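So, here's a batch of structures to check.
Two complexes, one shared chain (chain A), two partners (chain B, chain C).
Our next item is the complex of A and B:
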C-alpha cells in the first residue's frame, strides 16, 4: 500500500545553510494493508523525519513515496486533502500537538469543519464519543479542557481518537506509546491490533524494541538515517545479523530466558560473525569481487544497500554509519 | 519593549487572583469569544485601562456637541485660569482650551487608530507570509522590510509633507503608517517562524486546512496579545510622530490635535508664563491614553493565556 523507494532527506543547517545534515539515507520500505511495520532506531536516527515525509509535512530530497500505486511524492493542495482522508499521523510530542490557548475540542472541530461539514452536531458527538471510547477515554473527563489540564497520555490518546474519526488506510504512529502507563499502554496496543485486523496499515515508530516486537509484523532497524536491517519480526529478533541490531537486542531483558543464556548466545553469534560482512559476502556470491567499492547492481551504494540474507530478512553492510568502512574490507 | 511570549508569559504567574474564577460552564464551541470577554471584564488591568481609553474616546466623540465655542474662536478673556465658563482656561488669545482639547482628542485618536491600523495590516501580512512560507518569498519580503527599515522614515515624512502638503488627518495617518510597519513585520515573522515548527500546525495541515486558515485560526490567536501590544506601540508611535510633524509646522492645516496644542503652547511660551492649563491637559491626555493601552495589554496577556488564568 505504502512504498518508500530510496527516500532521502538532507537538512540544510548552519548559519547560511552551508552544511548539510543527511538525516535519511536512501530508505526503502513498504507497509501493506493490515500490517504493522515498526521503524526502530535510537534518538536522532531519522524516524520522525521519515514519518513526516510520509505525511507530506516535510519535502523529501530524493526518492519516491508511493501510495496504492500512485506517486505521492509531491501533491497539490487538493490532492493532499484527499490523501489525508486516508493517511493520518499521531505525533511524538502530544503537548506541542495542541494549540495551548484553545480547548482540546477545537482539534476535533477543525477536522469536522474540514472533512465533515454536513454531519449534524449530535451525529458528530456520537462519533466523537465512540472514538474516545476506543482509546478508553471518558468524554466527560476530556472535552472542554485545555491541553495543560490533561496528561501527556490523555493527549496522545486524543490524537489517536482524532485519527480514528477519519476512515483511514494508513496510520503513522510516532512514539505513540511512550507517554502511556502500563495499563493504558495495553489498551492502545490492543486497539492497534484491532485496527490492524480491520485492514489498517500502521507505520509504528519507536525506539523501544520490546514494543516493536510485541505489535509488529515486520521491523525496520534504522541507524543514522540508514536502514541496517529489516525483515519479518521473528526473523530479525531471533537471528539479528547486523552488529548494531545485535547490540540493540542484547540490551533488552527477556522474560523467558536468563541473562546468562542470552549472553552466551550473543557471544557465540558475535564470534561467528566477527570481522565478516554478510552484505559483501552475499555480493561476492553473486560474482562481485569482495571489497570492491563499486555501485551495486541496482545503483544503490554499498553504504545503504541491502541484501536478502534469508527470505524476507534483509541486511546491510556491517559498517555502522554509512560513511564508515566495512569491517571485512 | 518587553517581549510578550505568545504561550508562556513568565513573571506574570502570580497575577492577580481576581481573574481566577471558574470558567462559565456549558460554554462550548462558539463560546470561546464569550469566555475571553468574561475573563477580560474580570481583569482589573484590562478594566481600568479600558475605562480610561474609552472615557477619552467618548469625550472626543460626543464632547464637541456640548461645546459653546469652536476650538479656534476667540471666546473669552486671554490667559484665564480654569473656571466654570472655561473648565480648562483659555489661551493667550482667549481660545477655549477645553474646546481645543476635545477636538484634539478626535484627531489624536484618528491618527493613532488609522496610522496604527495601516502599519499593522502591512506589517502583519508581510510578517505572517514571510514567516510561514519561508524560502524565496521570505527572502524577498525580508529585503523589502530592510529597505524600508533603513529609510529614515521621519525625514521622508517631512519631505513628503513639505512637497505634497498634508491637509487632513487621515492623509497624515496614511503616510505615518506606510513608514512604521517594518519592525512589526520582523517581530511577527520571527514569532510565526517559531510557531510554524510546532506540531499543532502540522496537525492542522493533516486536517486538510489551507495556509490562510492556519494563519488565521492557529498562528494569529497565539499572538493576540502580542499583536495588540504591537498595535499599542504603533498607536502611540503614530500619535507621537504626528505631534512631532505638527510641531515643526507640517501638521494638518484644517484640524486641531493634542500635538498641535502642545506645540502652540510652547510657541507662545505658555511654560514661561505659567499657563499650565494650556500644556498639561494635552500632555497628560497623550500619556494617559498610551499608558492605559499598555496596562490593558498586560492584563490581556493574562486573559488570553489560560495558563496565567488558573493556579
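Our next item is the complex of A and C:
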C-alpha cells in the first residue's frame, strides 16, 4: 500500500545553509494493509524525518513515496487534502497536539468542517461515538472536557479516534507511547494491534525496542539515515546480524537478565561475525568483486543497499556510518 | 544507616488547597545501597527526592524527620540546609543536562559551582580529570561548551560534578531518561561504578523505567499516590512482587521478546486519585482487583520478609 523507494532527505544546515546534513539515505521499505511496521532508531537516525515525509510535512530530496500506486511526493494543495483523508499521523506529545484553551470537542468540530461539511449533526454524533468506542473511550467521560482534565493516554486515544473518523488506510504513529505512563502505554499499544485487524496499515516510529518488538510484524532498523537491517520482527530480534542492531539489542535493559548476561550471550555471536560483512559476502557469492557493487542491488549506491540473508530478513553492509569502511574490506 | 526517613510529609500549597504529594513516608537506605524509586507520574517520587535537599517555596514540611548518618537534616530550614547541600546530599535534578549554562565552558561552570561552596578549583582539578576519565570522557571536555557534547556525555559530566565532593547521598532524578539506549547504559553503569569507588556512599535513583532500576539498583521502592507501596531487593520486586500495584505495573511492561500474538499484556484500569483530596485508606483500592472492606483503613508499611516491606492488607 505504501512504498518508499530510495528516499533521500538532505537538510541545509550551518550559516546560510552552507553545509548539508544527509538525514535519510536511500531508504526503501513498504507497509501493507493490516500490518504494523516499526521504524526503530536512536536520535538522529532519521526515523521521524521519514514519518514526516510520508505525511507530507516535509519535502523529500530524492526518491519516491508511492501510496496505492500513486506518487505522493509532489501533491498539490487539493490533492493533499484527499491524501489526508486516507493517511493521518499521531505524534509524541498529546498535550501539545491540543489547543489548551479549547475543549477537546473542537478538534472534532474542525475536522467535520474541513472534511465532512455535508454530514448532519446527528449523523456526525453517531460516527463520533463509534470512533470513540473503537478506541475504548466513553463519550460521556471525554466530550466537553479541556485537555488538562484528561490523561495523556486518553488524549492519545482521542487523536487516534480523530484519525479513524477519516476512514484512513495508513496511520503514522511517531513515538506515540513515549510520553505515557507504564500503566497506560500498553493499552494504547494493544489498541494499535486491534486497529491492524481492521485492515489499517501502521508505520510505528519508535526508539524503544521492546515496544517495537511487541506490536510490529516487521521492523526496520535505522542508523544515521541508513537502513542497516530489516525484516520480520522475530527474525531480526532473534538473530540480529548487523553490528549496530546487535549493539542496540545488547543495550536494552531487561527485566529478567542483567546487562552482563546479555553481553555474554552476545559475545559468542560477535566472535562469529567479527571482521565479516554478510552484505559483501552475499554479493561476492553472486560473482561481484568487492568495490564493483555500485551497480548492484537495483542501482542503489554501494553499501547503502540490502541483501536478503534468510527469506524475509535483509541486512546492509556492516559498516556503521555510510562513510565508514566496511569491516571486511 | 546512611539515610533514615521517618513519617515524612511534604505538601504543596495551591489555591485549591494542599496537595498531599508525600504523605507519611518511612524508609531507610543502608550504607552503599543504591535504592531505586519507581512509580507513575504524580506519585510523589520527585517530591521525595527534592524534599531531602531543598523544599521550594510551594512545598511545606508538614512533619516527619530525615536523618543522614545519624544527624538530623534541617530540611524545613533553607539556610541551615545550605551546609549539607552538595557536600553531604547532592541532587541531580530532572533534565540537569539541559540546565548547564550555555554561555560558559564546562570547566568554568564547575569552577563557579565550587567557588559557591568555598572550594578551590585548582585543588580538585586532578581528581576531576581522573573521574572524567573513569566515565570515559577526555579532560578536553572542560574546555568545551555544553552544546558541543552529546546528551550522554553531558549527563556523565553532570554525574561527575555532582559527586565531586564525595557526598554521603546522591539523588539522581531521571538521570537515564531521554537518552538513547546505548548512552543510557553508559550512564547507568557509571552510577554503579561511582558507588563502588566510594565517591558516594549511597544513592537514590528515581526513574519511571523499572527495567533500568533492575540493572543498577540494589533495592527498589515502589510509590503510589504519595504513599509507599513496596520496598524489596531489586530481584524480589521483579520476580516475586507482593503488592498488587507492583504486580500490575511490572505486568504492563513489554519486554524484548514479548509479542502481542503470544502474550497479551494489559495496563491498569483507571488513574491515580487526586492528591488534593485523597481517599482515606489504601489509595490504590479503586484500581485494585483485591480490594475489600478492610482497605478503607490505610494498611501499614510493614516488613513481611527480611528487607521486604509491603503496604497491603491482602499480604499476610
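Quick notes
Rule of thumb we're sticking to: the second predicted complex is superposed on the first by the 270 of 329 C-alpha atoms of A that agree within 3 Å, B and C clash if a C-alpha of one lies under 4 Å from a C-alpha of the other, contacts with A are read in each partner's own complex, and residues count from 1 in each chain.
Quick note on the criterion: a contact is a pair of C-beta atoms (placed from the backbone, for glycine too) under 8 Å apart; a residue touches a chain by one contact, two chains touch by 3 or more.
Owing to the predicted nature of the structure, the values given are computational and were not obtained by experimental measurement.
Within the superposed three-chain model, A:122 lies out of touch with both chain B and chain C [touch as defined at top].
In the overlay built on the shared chain, the residue A:237 is in contact with chain C alone; chain B does not reach it. By the touch criterion stated above, A:18 is placed in contact with neither chain B nor chain C.
When the shared chain is aligned, chain C comes close enough to touch A:256, but chain B does not.
Once the two complexes are overlaid on the shared chain, A:183 sits against chain C while remaining clear of chain B. By the touch criterion stated above, A:98 is placed in contact with chain B alone, chain C being left untouched. Contact with neither chain B nor chain C is seen for A:197 once the two complexes are overlaid on the shared chain. Shared interface residues of chain A, touching chain B in one complex and chain C in the other, do not exist. On the chain A side of its complex with chain B, the touching residues are 52, 55, 57, 77, 80-81, 84-85, 88-89, 91-93, 96-103, 105-107, 109-111, 114-115, 144, 146, 148, 159, 162. Remark: chain B residues 7, 28-29, 32, 198-200, 202-210, 217-218, 221-222, 304-307 touch chain A in the complex. Of all residues in chain A, those touching chain C in their complex are 42-43, 151, 153, 181-187, 189-190, 193, 207, 209-211, 213-215, 233-234, 237, 247-249, 251-256, 258-259. Within the complex, the chain C residues that touch chain A are 40-41, 151, 180-182, 184-185, 188-189, 208-212, 214-215, 238, 248-250, 252-260, 264-268, 271.
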